[in-house]
Structure formats: structure tokens, C-alpha cells
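Chains: A, B, C, D and E, in written order; residue numbering restarts at 1 for each.
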Amino acid sequence: MAKSARGEPLIVMAGVEKFFGAFQALHGISLTVHSGEVLVIVGPSGSGKSTLCRCINRLETIDAGRIMIDGEPLPEEGRALARLRAEVGMVFQSFNLFAHKTALENVILGPTKVKRIPREAAERQGRELLDRVGVGAKAGSYPAQLSGGQQQRVAIARALAMEPKAILFDEPTSALDPEYIAEVLDVMAGLARDGMTMVVVTHEMGFARRAADRIVFMADGRILEEGAPENFFDSPRTQRARDFLARILTN
Amino acid sequence: MAKSARGEPLIVMAGVEKFFGAFQALHGISLTVHSGEVLVIVGPSGSGKSTLCRCINRLETIDAGRIMIDGEPLPEEGRALARLRAEVGMVFQSFNLFAHKTALENVILGPTKVKRIPREAAERQGRELLDRVGVGAKAGSYPAQLSGGQQQRVAIARALAMEPKAILFDEPTSALDPEYIAEVLDVMAGLARDGMTMVVVTHEMGFARRAADRIVFMADGRILEEGAPENFFDSPRTQRARDFLARILTN
Amino acid sequence: MGVITDNLGLYADGLLGTLKICALVAVAALVLGIVLAGFRVSPVPPLRAVGTAYVTLVRNCPLTIVLFAFAFGLPEVGVNGSYFIFGAAGLTIYTAAFVCEAVRSGIGAVDTGQAEAARSIGLTFSQSLRLVILPQAIRAVIPPLGNVAIAMVKNSAIVGAFGVGGELYSVANTLNGARGEPALPVYAGVVLGYLIIIIPAGLLLLAAEKRFRVAR
Amino acid sequence: MSGSVLHDVPGPRGRRRIAIASAVAALALIGLGALVIRRLAANGQFNSGKWSPLFNPGDKDFPDVWRLLGGGLLHTLTAAALAAVFSLVFGVLIAMSRISAARWYRWAVVGAVELLRGVPVVIAVFFAAQVLPAYGVRLPLLWYIVIGLTAYNSVVISEIVRAGVLAVPKGQTEAASALGLTRGQTLRVILLPQAFRSMLPALLSQLVVIIKDTSLGAFISYEELLRRGLITVQTLHNPIQTYLLLAAIFILINYLVTRLAIYLEARLSGRRSGRPVPG
Amino acid sequence: GSSGSTTGTPASAQSKPTFPANTTMARLAAAGKITVGTKFDQPLFGLKGLDSKVAGFDVEIAKIISAGLGIKQDDITFVETPSAQREGAIQQGKVDFVVATYTINDKRKQLVSFAGPYYQAGQDLMVKKDNTTITGPESLRAANAKVCSVSGSTPAEKIKDYVDGSKIVLFDVYSKCADALRTGQVDAVTTDNVILLGLIDAGGGAFKLVGKPFTTEPYGIGIKKGDVAFCQFIDSQLTAASADGRYARAWESTAGKVARATPSLPALTACS
């Protein structure tokens, strides 16, 4: 399932360190995500997966190292930062749909307010995207009226609406009832097939094996392993990874 | 893995109906749980699994039908009800440890206050139980200081401390981070092996297949199927069950 | 500012008087409020109705009217007392409604799951109340109850404005009204007096909240 | 139905006990009511002279009384409306400056807020009415009550607004940032609208407080409803009846405001708490 | 109730009076309107009625003075000045003068000036209508009477000169004394006669005033401190009203309905 051609480097992290107070959450992270690549990050709870993701679009600041997006250093603030963020989409564990706006309004907010696309065009595009993720019928519903799976698909459509160069997914299915997980993973697999650059933090090992081009295994804020899915799952090199896989694959 | 000998009927439900206002949550439920049996209830969200569980120890009252525990009708109130409840343990999805008490205090509260066991003996037994579920080191910790998996294991120890005839588990792993699921399921599988009578509502199909003596499939407040795990998983009879399994087993 | 230093004794007496009213009302309103909260969560419908009616009526009625009704209404039906008693009684009646709501919300803040867990290990009603619900409810009740207490201190000024002598508010009346001292320093002194009570009370409340939060 | 936090669902014995307790409580209430009525009657409180000017349109004093009280009610509502509007405006401004203030002057804002919160409203009103004129600020009495109420309530409202904005889940801000919205856009488009909805009940409760506190105007001779009520009592000598009426008016108004709060809360959260519709 | 009295309109006030420039009188006359502080809750002297008009002897005095300035009744704005706020209201210019059962004393004179006095109040006794044994404070001891007053008040202190402490009953408000008198728990109530008159009015004919004041409380008209010209003007108006009967009519249409004797204008004190 992995795509063959490897594109240009799109996200480059070099020697990234991150502290929360005295606690170091990331230790010298260096990682390159190529255009069109699907990178899946796995690892035990608290290993820094979310932190890594959030650093990429600067929801967290970093304390050392560099992050480059499409060849440019990550801006530190202001409009430049806002523009960069619009180019890297993000999908959260808890959906974070705007609670006071309908599905469609959620999707067109970015295009109309940030990209200043006329409302009509934005709505047309928004409806297409909602159709694409399979919730076209729910355009007028508020988040609270949607199931978790539907909400997360709207959130994906919202990210897509900005036509980002890459999308970060931070445990997109962890907050879902089991029966809704599949529908969200399906949409993500579809995006992967369509060539979207994706960084995915997940505990869904089935998805990781099927959809990932590369797996990164983190523990204690460090990248311990990195490689093709079949290598990682079938012959993990470190004891930590073996333990982790043993625990998570039991059920 | 299923135990061979079938014990006496311990929990008997006959024609149980339950309404929430005008909404009927349970339709004519008849079900017998035998001593030493592990019964797993599965079904889509909102199908009435939790309600069924909660009726058994009268956290919900029923509107029609009968429930018998160990040959006696379920008492309706007072000391008799309290005594019965002490004989049927319950483990909740959200743990419900007493927030103002340490792990050990949680475990010994029932024995000292209900069974009037001297505090010292209760503490000794409590520590043994905490050891048995693998959280002996956390005896002095408050719930907020424990991980979800640890909290749920303390909750199981608390239920065990009353030496119940049966334990009801209502989605005991749904609120857990994925990596903690296994440790709780392991404890439950251990109990099952030791011959505890268990009614388990769960979405963990792996556990259901391995540990259950019998599977009950519910939808819309009705029991649609009932049978041995291998029969249910490999050849579900109803379309509802097939749909449910298809959705939940995708990942 | 000379007015304040010249009349320190008067201000000190006023402060004491306010504290006296507040202490009395605090105890009485706490008792009445808890009884009412008991009514409101009781399974007995008429008691619930009484609790609800009391809270709805009293909370929506200005304290001023409660006070006037007590001081000038009750004597009409032969109930006599001093302004101090009437003032304290009126403030008690008023404050109790808020105490009741604070206590009720504290009980409501306890997760139903806690009660269900208590029941499912076989604790009886009184045991689960004593061992599980109340200990947690009390923690949840402290912050709102503290705010009610602070509001009560401030409301005692209305009791003062209404004619009970010897508390902080009446100091302003004596100095500014009767003696014609300039208003600004006189009132500044009175405000200071209230702050002397309210700021430490607020800090105490904060400390209590923190302490009980850590203890879980 | 499921039991409450306190009580299990009662069984037959429990239901019987509740029924008996209900009967006893109801009897006690009736007895109490009877006692009160007897006491009132014994003291001549049911004499029509005490009620008729207030409630009987045929009474010769009725038009005068209601012209007086009606005007008072109008004054009450005017003062409440002005105080509410000013408090809301200043409250939002204070909250915004507290959220976005530079460190050194945030300290000053917090200090002022805490100071004002510690001042009894009645003192604030008197302060306005006594101190301002002494410094040459002479205004109609209405404005002293409005100023006093605004001073107090705007800081309370600022805390409500601040808490409301801070209570919007962090994820909403993050999602907005991730879309590329600027800080200002996030505040305007995402945070304030959501905060406003969650604040509405608290704001309306504060409106109840303001309405009640207008009655402090009686102490500075502002002829709002209570002061006018005191004036009618001087002539009619019927304090019990008049205070009952005044209380009823205030309670009715405030009850309606409270109902409105509950209604709006239900309406606004209806969209947010509706059960997901599968499919 | 209101009095349709015409005491404020003297025969001479038809033509506009003239005053020396830069005096308070000139200013007020030119403005054609005036603001007067009075009580709104003192029966018979200054009481706001159901018709929203203030009525009473103080109000009539205010009308007499205003009429002297050529100001019509309808152009007088009455503002409530409770006891504690009278000096402030005058000093801050909220009112042009105050007629509000305002006892002249030295402490107040340091803050404001007084014209008048226009009435000599004094501590008196109130008894039941049919009581004949109590004729004055000296008769109390002989009648073995219990006397009621308000705790902490000046009258409660003064009455100790006439009866034993054990015979004095103290409440916190006068209305309770009236109740006690009605039910026979006490035999007399003592305080300023003006307040007693109000109680008698409210008592519906059950009480009467003994009419032997044994202290003197001269009621003055408070004006800005040092406004001698205005003080003298007011005094002249009082004197004129006393002479032409408007003063007596003012009393008779108000407090006189309850008090038997119509007072005569007390000797005026010099303006300073």
C-alpha cells in the first residue's frame, strides 16, 4: 500500500528539544516528512507524540533546534505564523469543532476568514468536502447533534478546506466509540491514497500497518525506531518497542 | 477456555421491562446466569446493555418482570437490598473510586462498614487483593494520583473485597487509554479462570472470544442472540449482529 | 484622613458591631439553610415544595424589603423586638436561601457514580451519606458557601443603613450625617472597615479551597 | 427513574413512608398557615381598609396609590436598565483589559477589581450620593444609584465575562489557530460568541441582583418602588399589605428574568446537547 | 391628606417684588422657582401623600416664604432631606433652604445659618383621650404613671427628671409606645410634641396631647451659612404672615387639625 515515489522534504525537524518547566518532553528530535508521505507515530502514553505534532504548527513553542516547513523556518508569531498554520492542517483527538457553528460553517470558516474566498464559492467547496468525507447530509447540523465519527469527519473536511500541504492527526480515533472508528480510518486511508502528506499519531496498529509509508516509534521524548511498517511490526529492534507492541496487540 | 461444568442458576431475569419515561429501554428480557459462568453482553451503543446490568443490583428499578438472585427475589429496599448488593459486586466504566479515600481505604470500606470485619483483618485482606490485581504498591495513593488502569484494578479489588457471588462489569475498559486496557482485561481473565461468576458488558471482542462462556447480543433493548462465543463470532444468526461485528472488527 | 484617626474608637466599635451581627447571622443562616437544603433534596414532595418556594421567593425579593417587612410589618401583628433582632432575623432569612442553594449545589456536585458505587458495595442510605457523599459534598460546598458569607458581610451594611446602630455603616451616618464631617474620608474609612473583614475572609476561602483540593 | 445522588429509588415500604411523611408535612403546613391567618385576623390585618386601596379599583385611593407605585416601578426599571447596560459595557471592557493587559497594569486592574468587589453595594450607592456632590458633581438622584450599582456590578460582570472566555475549551482556540485565524479573529469569531452563550444565565442572574439592589435607592430618597411604597404606608398605615405587594412585584419581575435565563439556556444549549442522530 | 390651603398667597404678592441685586432673593425671584428641603415622612409637618404632594406645617411655611419671593406654589420643588442630610443639602446648594422640623442648635450653627424660629417645639406627653389625671410632667409621679419612650433618645433622658427609672418603659420606635399606650401597658408616651402629634393623627382619635411642653426645641429655617440678607428676608416674611393671619391658617390647616392650640410665632433670633 505504501506509495513508491518519495517527494521533496516538506516538514523538517532538526534537534528539537521541548521542556515543560523542568520536565523535558522532547529530546533532540530530528525527523523529515516528505511530500506525499504518510508518517505514523506510535509509542506509549506520555512519550511526546502529541507534543511533537503540536510543535510542528507551533501550538507549542520549542526550546532548541529548528523546524522548517517547505523550506522555510517556522515563523514565530503574527500573520506569518497564521499563514503557515493554514498550510498545515490539524485534526485533534477531541475533534474541536466550533460548537456554535454548523458542520458547513465549521468547514468554510477558514476559507472565508483566512483565505478570503467569497462565501458562495466556499460553501460550494465546503459541501463537496463534506460529501467526500461522507457527511454531506449533515451540513446544517451542529456538532452536538453529530456522532463522534461524524464530528471527526467534519473536522477532517475543515482541515482539507484550507488546501493544506500536510495534515497532522493527533489520535483522531481515540475519543470515538468503537463502532465509529472504522469510518474515520476509512476517510484517512482515502486521503493517504490520494497522496496527502500526513503525520498520524495513533494507537490503531491495523491502520498503521496498512496505510503508513513509515513508522516512527517514540518513548520518553525520543525517537527510538523508524522504518517501514512491516519491519517495525514484524521485527522491532528495541526492547521498548517489543514491550509496547506486546501490550497493545494483546486485545 | 470455557469452563465445562455449568453451576446452579445464580441470576435469573424473567420478562424484565424497563422504561425511561415513555422510552422503553428493555423489552421482555429473560436471562439466566449460572454460578461460575462468564457471560459477556455485546451490542451497539444505546442497546440497553448498561441498563440490564444496573437492573441486576437495582441501581435501576424495573417496571415489569422478575429478577432473582440465588433463588431469592431482588429486595426492593432497605437492609435486605444493601445485603444483596454486597453479594453482587459492580465495576463501572468510570471506575467510581471514592475520591476522598486512598486505594486501600476504598477497598476496606465495604468489609469494615458492611461486613463489620475488624479494621486490621480488613486491611490485611485489602492489601492482598491490591497485590492480586497488581497495584499493591499504590495502597496509599488517592484515585487522582492513579492511572485509569490502576484505578480500575482498585475498583475490581474493592468489588472482590466483599466476596461477592457475582460481579457485574459495565464496559470496564472503555474509559482507559489503550495501553492500560490489557492490564485490566488480564485481571478479569484471571478472575474468570478462578471461577468467579461474571456479567461483562464490553466492546473488547478479543476478550469476549477468549474469556466468555456465553455471549449475549443486544439491540434496541432486546436480546437478539445468545450462544457460545465461537458460534456467535463465526456465524452470527441475525443481520444486526453481522452488521455490528463487521463494523467493530474492521480495525 | 484625620477624621478616621480621630475617630478610630468609633470605627473599631463599628467593626466589632458588624462582626457581631455577621457572626450571629452566619450561625443562624447556616442552620436554617442546611435544614432548607435538606427539604429541597428530600424525597417528600411537600417538603421539597416548601424548600423550592422559600428559595424562589426569598432570592427574588430585595433584602431591603425583607428588612422593612420584618421591622415594620411584624409589630403590626404583635411581634415585637429590637431593630437589631429584626435586622439580624431579616438578614438570616435572606442569607439562608443562598446557603440552601450552596449546600444543594454541593450535594449535586458529587458524582452520581460515587453514590452508585457506595450502594453497590452494600452501604445503607445513612452509611453512604455519612461515609461517601457528605465528605465530598462538604468540599464542594466550601467555595460557594464562602462566597455567600462574604455577600452576607456586605449585606450587613444594608441592615446598618436601615437603622441598627453600632455597626460600620452607622459610623458613616454618625460622622457624615450627624457631625457633618466630610464625606470622602468618612466613607473611605467605612470601606476600609469592610475590606478589613472581606479581604482576609477571601484569602481564607482561597486557602480553604486549595487545601481541600489537594486533599483528594 | 434512576435514583438521585442521595436517594435510591424507593421500594413499597419507602413509598409508604414518603406518603406518610407527605401527609404529616402537608398537615403541618396547613396548621402553620392557619396560625398565621389567625394571627393576622386577630390583629385586624384583613380589614378591607388595609387591602382595598391597593387591590380594589373601586377604592377612592386606588388611582392615586397606583399612580404613585407605577411611577416608582418605572423608576426602578429605569435605574435597573441603565445600571445593567453600563455594567455590561464596563464589565466587558474591564474583562478584556484584564485578559490582554500588560503585566504591570494588569496588577492594577486586578487590584481595582478586588477592591470594588469588597465594597458593599449600599456603601457604593451612598458614596456616590454623598461624596460626589461634595466635590461638585450634582446629578439627579437616579444617577447616584446608577453609578453606585455600576461600580459594583461592572466588576462582577467582568469576572463573569473573563470566566466565560477562559471556560471555552482550549481546543477551540487551538483549532482556530490551526486554521490560521489570528488572535483577534479567534477572540471575535470563536471565543466571545461561545462565551456569551455560556455567560447568559450568569448575566441574567446578575440582572436580578441589579433589579433587587435598585431598592437601595430608597435610602438616598430616590423614589423607586420601595420608597414609593413607604410613602403610601405613611398614609394608609398598612405596612404588611404594602410590603407584600412590593415583594410580589419584585419577585414576579425577577422570576420572569430567571425563567428567561433558563429558557435561553435551554434554547442555546439545545443545539449543543442534542443527542447525535445516527446515520 | 392634602390641604387646599391658600396660605402661601398674600394679598401683596400679586405684583412682583423687587430685591437688591446679587442677593439670594433677587436670584430666586428672577428664576421664578425654588427648591426646598423638607421631610417626606413627618406627619402634619412634611408628609408626602398618595397624591405625590408634600403637605404639612413646614410645607406651608415654605410656601409663605416663597410667596414673598413672588414664586407660585407650583414652582416650588420639594426635596426630601432626612435628618442626617440637611446640612449637606444646604452646603452643597441642593436646596435653597430647609424647613424640616430642624432644631436650631450651636453645633448646627457652625455649618449653616438659621432664620426663625418659626415654631417652638418641645417635649410633651401623650395620653389616652379620656385621661384626666396626667396634666403635665409634674403630675406623673402622683398618678404613679408608667411612661414610654425610645431608648437612647434625648427625651428618654429628660423624663428621668420627673419619674423614677423603674417607671420608664423603653422601646426602639415610637409606634410601639403608641401600641403600649393603647393596650394600657403604659400611661403616657413622651417625646417632642411634633412626633406625638403624628402618633395622635395615626391613632385614630384614641390619644391626645397633654399640651404642656417642658423643653424647648426651636425649629428654624436652614440656609447657607452667613446669608444674613436672606435670613432677614425670611424673618420679615414670617413676621408678616403672623400679622396677617397666614401663619395661623398654615397651622390650622395642618397640625392644627390634631393640636388644640394654635401657636403664635416665637421671638425671632438675630440673623448672623
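Definition applied: a residue touches a chain if its C-beta (ideal position, glycine included) is under 8 Å from a C-beta of that chain, and two chains touch if they have at least 3 such contacts.
Just so it is clear, the model here is predicted, and its values are computed rather than measured.
Common partners of subunit B and subunit D, by the touch rule above, are A, C. Any chain that touches subunit A and also touches subunit E is listed here: D. The chain pair sharing the most C-beta contacts is C-D.
Greatest centre-to-centre distance from subunit B is found for E, with centres as Cα means. If each chain is reduced to the centroid of its CA atoms, subunit B and subunit E end up 86 Å from each other.
Subunit A and subunit B have Cα centroids lying 36 Å from one another.
Rounded to a whole number, the gap between the C-alpha centres of subunit C and subunit D is 17 angstrom. Here the CA centre of subunit C is 41 Å from the CA centre of subunit E. Of all residues in subunit B, those that touch two or more other chains are 59, 78.
Those residues of subunit C in touch with two or more other chains are numbered 111, 114, 119, 176, 183. Shared interface positions of subunit E, i.e. residues touching 2 or more other chains, are given as 85, 88.
In this structure, the chains touch in the following pairs: A-B, A-D, B-C, B-D, C-D, C-E, D-E.
Taken together, the subunit B residues at the contact with subunit A in this complex read 44-45, 177-179, 181-182, 185-186, 203-204, 206-207, 244, 247-248, 250-251. Residue ranges of subunit C in contact with subunit D, taken from their complex: 41, 43-47, 50, 56-57, 59-66, 68-69, 72-73, 76-78, 107-108, 110-112, 114-115, 119, 125, 129, 133, 153-158, 160-162, 169, 172, 176, 182-184, 187, 190-191, 194-195, 198-199, 202.
Residues of subunit D touching subunit B in their complex: 1-3, 8-14.
Only residues 57, 59, 78-79, 82-90, 92, 94-100, 109-110, 113-114, 141-148, 150, 155, 158-159, 162 of subunit A touch subunit D when the two sit together in their complex. Those residues of subunit D whose C-beta lies close enough to touch subunit A in the complex are 169, 171-172, 174-182, 185, 189-190, 193-194, 197, 271-278.
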